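Order as written gives the chain letters A, B, C and D; numbering starts at 1 within each chain.
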């Protein structure tokens, strides 16, 4: 059994993590902490892996503290910059387990979204046309989603590396319907009550189409990815800082 | 058997009409004419219904001539204005069969597209959110399609008539991904090699979605609609000028 | 403000109804009762419409009691037979408001599902081919869903009424992949973790396809339909027993 | 310029190949032969790569002859068995270019279908649920398609290799709607006028879904794959017999 402590246990995501850890056959909940609780209670004596889902303002401090305490950490909080990541690497080097400490940070734990992104990059060079449609609930403040921009940029880079030219497009009049162009790839954002977070990538050649679609219906969609990361850290994940769930998928 | 003559029989659409008329059990080809052929050969003696698929520059002249010759006409050529339609009505009144002459003109003969448009208007008032996505081959010069604009406008009018307010949308930053706004309805246009003409309307409420999608894979998709119009003109269609295939669907 | 009492207020559906009633601008919660509570507390003095979401074993008794107390009722509980419906009609006739009493019972409150069913029946006669795919979570015990069978039967009846023959199908070898045949319409059932309740109807002619899809992502999807029924009963719904949400949609 | 000869040039597929070879910037048509023509006219003097699209009854004979003449061959004809493939390998060993001769045979040249199959196998181990839906025109005689069976078998093998158990399915009553079970994976076959050849693979976890869909709208969908194979044979493809387009995709 992998002993898992949760930091941010009462939050929107953290409470799902607690349920997932309790529900899986190979994990058990060690400590469930939230704002105001004493992080130093977490140690290698009671915890194999910590899952940290809090807010950007406190996540770096939490991670540095946990590294100093010698426990491995899966981080789901967003807002990581290169500068912050560098501090994590320094903390690992200066910590009690410089050669074995593991920290994993991912901007997206939905396996379907990570796979869709990866497959899209692989497929990119085989198609003349490609467009990205992302669909979210109407409360989302940014459009298009960061995930869609990332997918489009990856596709564009793969097309360029393969020597492909621009996508065919004979549009001569448009009032804005053709979407935002990210590195030459058109990206469309739909906002619809009832939806949560969805992305669809359409590839086209003469006579054929390939569609790759990822649907995240609710926050529970992140849990298989969180558990996968927990198992990798308790298992054969490499020491040091790893960023991105695709690193833990055998692709 | 309904005797059908085709005007524009060698054109892209007309040649499909010839095949469809030959293929159906209840229709037979009378005359197949094209540019340069003598239209006066078509008369009630040899033809029950004419199908006219030519180009906007000559279609009005053809229709006026055919009305003067006393034959009923199904017109698939595009480019009709109110002014042109008025001339057809005048021609019917001044022609040999003012009380029984039938002329039918439709901008779109794809039954799936016409139904999708109709159902979308019916569904509009029951949903908080709605967006339209149209997808076409990349050689199309206009975006979004006239069909998509028509669908969006119909939805907007139905929402307004039902007293619905604007669709929810908390987007605060956007680089153009949210599409063109037609009467308050967001419309997105995708251009992809391999596709022909497709439209998808997404409706959303809390926890639910309704999707209505019409796919026209090739020009053959117009033939069921053309045959339906031919049968209506040979059957119980009302006399006079009728515009729009939805008039011939029992909806 | 429409005063709404909820019977079964602590149940899976009832608790959503309480939230929906509290959340809507034109409704307010009167009484929230559950098993063991005294139904006679509900009267026209405190309640305009009752929403009853309990279990089949007690629903009839509840409805008969509420009718005797003179309040209008929206019933979401399933399991209604013709025999049970007859008893409701008798209770209305024998009750305190035989000419104005309203009772509404619906097997499905998801507006998207009801519209998809209705549109499918309307579209049926215009297409050579049609198949139904329903998709649900893997805990569902029956396949295909009652909704899918209802949709297929409605389509089959519409095809028959229009004189259409059997759908084209040249399949000569099959190991069971062609699905269950309901009145000549093939129905496929998919069971997938992550899904809730979804139905897709595919119509095809040469060169074209029409797809109508309803997605119910969670129980919240029933609430717009429940509120619509509450408003109709408080408004212009006809007196007597009404069955089916389609009766309250202007279609 | 790659000089391409086509065997079966007047056939349904061959005529498309002739057009594709004429249309591409880096290929030119050498000889276009059909039944009755003299195959010995094709030699390394006039041809870099032959594309053979005939019928199973004559394809092996053609390929053996072409190998004996020392030209590389892309074969699109179906019906290859292990026994036939062995004869090709023997012919290569006994031919004029045993160390450099290239022969490529593929059951499916649609890049989208080959990628969908490959990605599905890669994704298989990350999801609790999976089902396959294939959709074809109603004239198809076998159900489900060979491609769908291949995809399902590959998914099943990947699940088994990863130690996954059976997919969750609590169905207790079913009249045949749950489809054909291929190695534990449910496969559904839809037959619809207007469609050509389509496959959709649905993967599900709690709260998320991944959908991979390949659409082949017409025979033109095979041409990008044929040209890709031609370029590989004229380029860096390994000597000997290669089977399957996935071998030529960098995946």
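Annotations for the structure displayed:
The rule is simple: a residue touches a chain if its C-beta (ideal position, glycine included) is under 8 Å from a C-beta of that chain, and two chains touch if they have at least 3 such contacts.
For each chain, UniProt lists the protein as follows: A, B, C, D = 4-hydroxy-tetrahydrodipicolinate reductase.
Computed from a predicted model, the values in this text were never measured in an experiment.
For the pairs A-D and C-D, the larger set of C-beta contacts lies at C-D. Averaging Cα atoms per chain gives one point for each, and the point farthest from that of subunit D is the centre of C. A straight line joining the Cα centres of subunit A and subunit D is 34 Å long. Subunit C and subunit D have Cα centroids lying 46 Å from one another. Counting partner chains per residue, subunit C shows two or more touched chains at residues 127-128, 194, 203, 205-209, 215, 217-218, 221.
Viewed as a contact network, the protein chains are fully connected, with every chain touching every other. In the complex of the two chains, the subunit B residues touching subunit A come out as 127-131, 133-135, 138-144, 148, 167-181, 186-195, 202-209. Residues of subunit A that touch subunit C in their complex: 194, 196, 215, 217-218, 221. Residue ranges on subunit C touching subunit B, taken from their complex, read 110-113, 115-116, 119, 122-123, 125-128, 203, 205-224, 228, 249-251.
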